[in-house]
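Right after this note come the structures.
In the two assemblies presented below, chain A is common to both, partnered first by chain B and then by chain C.
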Partner chain A sequence: MGHKNPWNQALKNAALALYALFALFPLFWMLLISFKHDREMFNTIFVFHPTLDNYRVLFSSGEYIGYFLNNVYVSVGAVLLSLVVGVPAAYALARFDFKGKENLAFTFLSFRFAPEMLIILPLFLIYQKIGLYDTPFGLIWVYQLISLPFIIWILRGYFEDISPEIEHAGRVDGYSWWRVFLKINMPLIRPGMVAAALLSFIFVWNNFTFALLLAGQDVVTSTVASLKYISSDTVHYGQMAAAVTISALPEVILALLIQKHLVRGLSMGAVKG
Partner chain B sequence: MSSIGKSDQAVPFADLTDTAASAEPYRIPPIPFMRKARPYLILAPALLLTIGILIPFFISIYYSLTNYSFKYKDYSFVGLHNWVKMLTDPSFWHSLWVTAQYAVFSTGFEMLLGIGIALILNQDGWLARALRMVLIFPLMIAPVIATLIWQLMTNNSVGVIAYALRSIGIDNFIWGADPKTAMFSVVLIDVWVNTPFVIILVLAGLRSLPKAPFESAMVDGGSAWFTFKTLTLPMIKPLLLIALLFRSMVSLQEFSIIFALTRGGPGDTLMSLPLTAYNEAFTFKELGTALPYMLILWVIIYIMSYYLIRYWSRAQKNASGN
Partner chain C sequence: MADIALKQVTKKFKHNVALNAVSIDIKDKEFYVIFGPAGAGKTTLLNTIAGIVVPEEGVVTMNGKVVNSLEPEDRNVAMVFENYALYPHLTVYDNMASPLRSPKYRQPESKIREEVHRVAKILRIDWLLQRLPSELSNGQRQRVSLGRALVRNPEVFLMDEPLTHLDAKLRHQMRAEFKEMQANLNTTTIYVTHDYMEALSLGDRIAVLNEGRIEQIGTPDDIYYRPATEFVAQAFGEPEINILTADVVNKGGSMHMNLLGNSDHFPVPAQVKGILEDSGLNAVRVGFRPKDIKYSFSDDSASSLRAAVYSIEPLGSKAILTVHVDGRLIRLIAAADLEAKPDQPIYLKFNVDEAIFFDPETKRFIARAGKKGGRSVG
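Now for the complex of A and B:
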């Protein structure tokens, strides 16, 4: 660790550069060819005349915008619903001591790891019976299995970090329980809440299996729609790249915004990074 | 201080409501029943929302004992028929093997690569600092989208990797389409997407390590490997177990990468348990025969996570040096 061997250091940097190339080059290349005209797709590699044609075509049809907006609609809906029921639940699991508390908390966590296909098979049947199949709410509901564990487990950790004495002080000052919750707790956990919401948004946005099998014709999300480009054997590689770029861009930006909370979020609060 | 300090966890604010009640006699003290019920009431919406989704899970156990099919209206109880059929079917054991291979290879590579890169990133160069920020990008990309990106890159007519391989004389590498390289291809995509997860977890652990033990190890002249083995590893072990737990649970049920790349092919090369269940249910329309495949996967995941979590809490106690 201490003794600086120049060869050792060079080797480390080389390994790092190699991994960075592996991790980042695909994204860079995708962005690059999304500006490449189909005419130049087959005979150029890096040097070409950049054009916005691919994006123009993608947006002029309206089809892709529809998929994109579908995804925004169900993802935002799912995260909002999770926040409404999840924030109080996280608070209860952090503050109160009651029978079956850890079991309940673990139950919420286990949703994240239940095989998606196991949930889908019977749900497919039930959704068709009760008319939720291929509806936005059907997806929003099943997405709770993804977003709710994130919200509850991450926020539970943030609530536990707030000293009960701050709440006590609020109560002494004559605030009602609700006022303490809204005026003292909420501002304190806001950064964590934003991070948890954005992180669960990313994972809901990315979900493929639920969206593919529990919705199909009316509610096609952009993640599912991306598969169309593979299977249709299209030669419009540029549009494909543009679609991928637009689908991936929001997530990359969101990830940068919540960088500080990422470790805690991704480990569901198990690691207080 | 003393009364607030050891606040009764079971009844938060109990000490306060008492004092508040005596100071302001008009305030009605909370009813004990409500106090007990409060946490459950607060949790109720979240529970109801998810239990609604979980009822199907219990129904699925029942349906696995019937010959339910999406093709017909009627179905009947067939006992353990579907289970026996599955367990005696060689393709089930093949699926199990594929699932295990996928999970072991992808989780294994991600752990090794992730730990290695995190160790290198845990230094204060400008490169390390800049990379810490951007290396998480692949993790944020949907696995399906990642698969699409890699398909484009390896595409024979426009792909940059295909071009690079051609220029060094390899022009018959067909990735997912070849049974010999299909597993490699899907694992490669999984590794691309998920290695950053291991990196940032391990990195967080490394950066929170106390300085003192490492300084004294350096003074004593311990080799880098010795320091790593006896100090770093035991201290970040709980973190490694969390990463291992999350990665293995998700990779055991991976569906989207395999589905997007090869739909389980070529032939049945990549027919993992989720892919087989998908096929039974949505291609052959047989719900009854599809369910045992997923139920058995759920049991495997459950047992594995149970032991990993137990091991983790023991490691955490050891690491904190009780």
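Now for the complex of A and C:
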């Protein structure tokens, strides 16, 4: 029992630490160079004179704030729309039986299979024709291809885990169908909803292809905006790093805040077995 | 407090007919048991009364009013589900309080506190009020589910196999408590079970359901002593009734049955003889309850039939003795301390006065000599 385990544990910890280092180092590096002057970029690694110049330049023109807010509008809008549409869809797939149900469910999932590049050209032409090119709504709509599948598939599983008897009990207790949905179903799928919404948010926030090719002049998201730092003669690494750091901040903060809602096993004990 | 009636109710799920032209009539304040094996349609029947399921054909009435299109929340029924259906995110207190907080049956919080504590005390779960369902044992969950129904004052209580998932000892205990509760409930109650002991002990009347059809409706005595069909006879009683095919033989003025290769030992009782003659049947199916067959190891062959021991199952206070004769197995109840070897000869005496006679074609009840059990309905 005793003699092997401490070594095993130390080995496991070491392996995890190594992996953590490997995964987190690029982020750490990025943070580091956002505080470096351009002239010091290729010199020393950790010892340098930190500066806030990069951030100052970023905020001085006010442009970057605009890009950041654009990204916020479009991402939040996309996730909200996905929730409004996806939650009832997931419920229908979990509870009702109709012709072509599994085909439909698989179709939703298949949106995630195709690489964005595959459909970008026809979509570009269509968007031009119907006037959705370079509009926030256009982006929100096309982002559904990214965010909807997560919401539907994760929530379908959660709905299926809730025994229909619980809903029946609610009806018999005196609650209408709608109240049962709000007071009983929603709290029980909340962990799933939070997890799916966060995942979807991360993917649409980071999206580059659609934002680049289906928008670009009026609606510029922060992912696309970082291209601007690659100008013809030089690459402003410091400013790009600063832009990217700020861009990544919402995702990180959200993930940390939402942790307490990701509670497992809420349904245990409700139904026998 | 309500009369409930179902008239010719039919419910199909895709191609499966769950209920087939079911008609039952439940009187106000009656404790009505719906008995049937798994898949008979009992839960569907209960769901039809609760409004969770709408029948394709037929009419459901409460107090004479047709309620087919009435939503469950408007019907004022309280239901205890087979799998408890407790709200997992609410404490025991909130689970029991939930019907009293609904828009339909709302009560002020002070009244809610009073009611929940009162019912929790009766069910002995008052020390669990702050726990979540996941932190309770099965028996405790069952009581919470029951409590959630008992805080209400509904037209009818619907109970779907509430004791099924409890261990045997707890089940017997709860059955006794239910009996006591039933007397105090003073409300129409419909109780679904597949356990014949619960049906016989708790019910004012029992409806026997099989594959979506009603086999018989009657008091426990009716069902046990005058079962309408062989199915009902076999469903009630442990060990199962022994039903044998017999030819009717007329021997010098009295009627006998040619049973198990022997006709001398089985005279047809006088009360039954007339009915058999009228029906003109040459063969009958006759059922003997295990307790109506006596055994002995000494050859008293004047009225005994010789058989051979097959197996003995000791059950504590009694034993089930299985014997084989004429190529088939007969079950009897025996003393707990009986000792016998397989194939040992044994002599049986059948009490034909308590035997139940069935029509061999329709499997329906024809007659019985004994007095117990009134007229059955259906």
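Basically, the second predicted complex is superposed on the first by the 223 of 273 C-alpha atoms of A that agree within 3 Å, B and C clash if a C-alpha of one lies under 4 Å from a C-alpha of the other, contacts with A are read in each partner's own complex, and residues count from 1 in each chain.
The definition used in the following text is that a residue touches a chain if its C-beta (ideal position, glycine included) is under 8 Å from a C-beta of that chain, and two chains touch if they have at least 3 such contacts.
Everything numeric in this text was worked out from a predicted model, so none of it was measured.
Colleague: For A:Thr223 in the superposed arrangement: first (chain B), second (chain C), both or neither?
Modeller: first
Colleague: Figure out whether A:Pro187 sits in contact with chain B (first) or chain C (second), or with both, or with neither.
Modeller: After superposing on A, A:Pro187 lies in contact with chain C but is clear of chain B.
Colleague: Going by the touch definition up top, name the partner, chain B or chain C, that contacts more of chain A.
Modeller: B
Colleague: Between chain B and chain C, whom does A:Asp53 touch in the aligned arrangement: first, second, both, or neither?
Modeller: Neither partner.
Colleague: Let me test your reading of the model: by the given contact rule, A:Glu40 touches which partner, first (chain B), second (chain C), both or neither?
Modeller: neither
Colleague: Of the partners chain B and chain C, which touch A:Asp134 in the superposed model: first, second, both, neither?
Modeller: A:Asp134 sits against neither chain B nor chain C.
Colleague: Considering only touches as defined above, state whether A:Glu160 meets chain B (first), chain C (second), both or neither.
Modeller: Neither partner.
Colleague: Which partner does A:Tyr175 contact after superposing on A: first (chain B), second (chain C), both, neither?
Modeller: second
Colleague: Touching chain B and also chain C: which chain A residues?
Modeller: 165, 168, 171-172, 177, 266-267, 270-271, 273
Colleague: Applying the document's contact rule, which stretches of chain B touch chain A when the two form their complex?
Modeller: Going by the criterion above, the answer is residues 4, 7, 9-10, 12-13, 15-17, 19-20, 36, 38-40, 42-43, 45-47, 49-50, 52-53, 55-57, 59-60, 63, 68, 70, 113, 116-117, 120-121, 125, 127-128, 131, 133-153, 155, 157-158, 160, 163, 192, 195-197, 200-201, 203-205, 208, 214, 218, 224, 227, 239, 242-243, 246, 249-250, 252-253, 255-256, 259-260, 274, 277-278, 281-282, 287, 290-291, 294-295, 297-298, 301, 305.
Colleague: Quick one: in the complex, what on chain A touches chain B?
Modeller: 1-2, 12-13, 15-17, 19-20, 22-24, 26-27, 29-30, 33, 41-42, 45, 81, 84-86, 88-89, 91-93, 95-98, 101, 104, 107-108, 111, 113-119, 121-126, 141-142, 144-145, 148, 152, 164-165, 167-168, 171-172, 177, 202, 205-209, 213, 223-224, 226-227, 229-230, 237, 240-241, 244, 247-248, 251-252, 254-256, 259, 262-263, 266-267, 270-271, 273
Colleague: Applying the document's contact rule, which stretches of chain C touch chain A when the two form their complex?
Modeller: 47, 50-52, 71-73, 75, 77-79, 81-89, 98-99, 102-105, 132-136, 138, 141, 148, 165
Colleague: Using the touch definition from the top, list the residues of chain A that touch chain C in their complex.
Modeller: Chain A residues touching chain C: 163, 165-166, 168-177, 179, 184, 187-188, 265-273.
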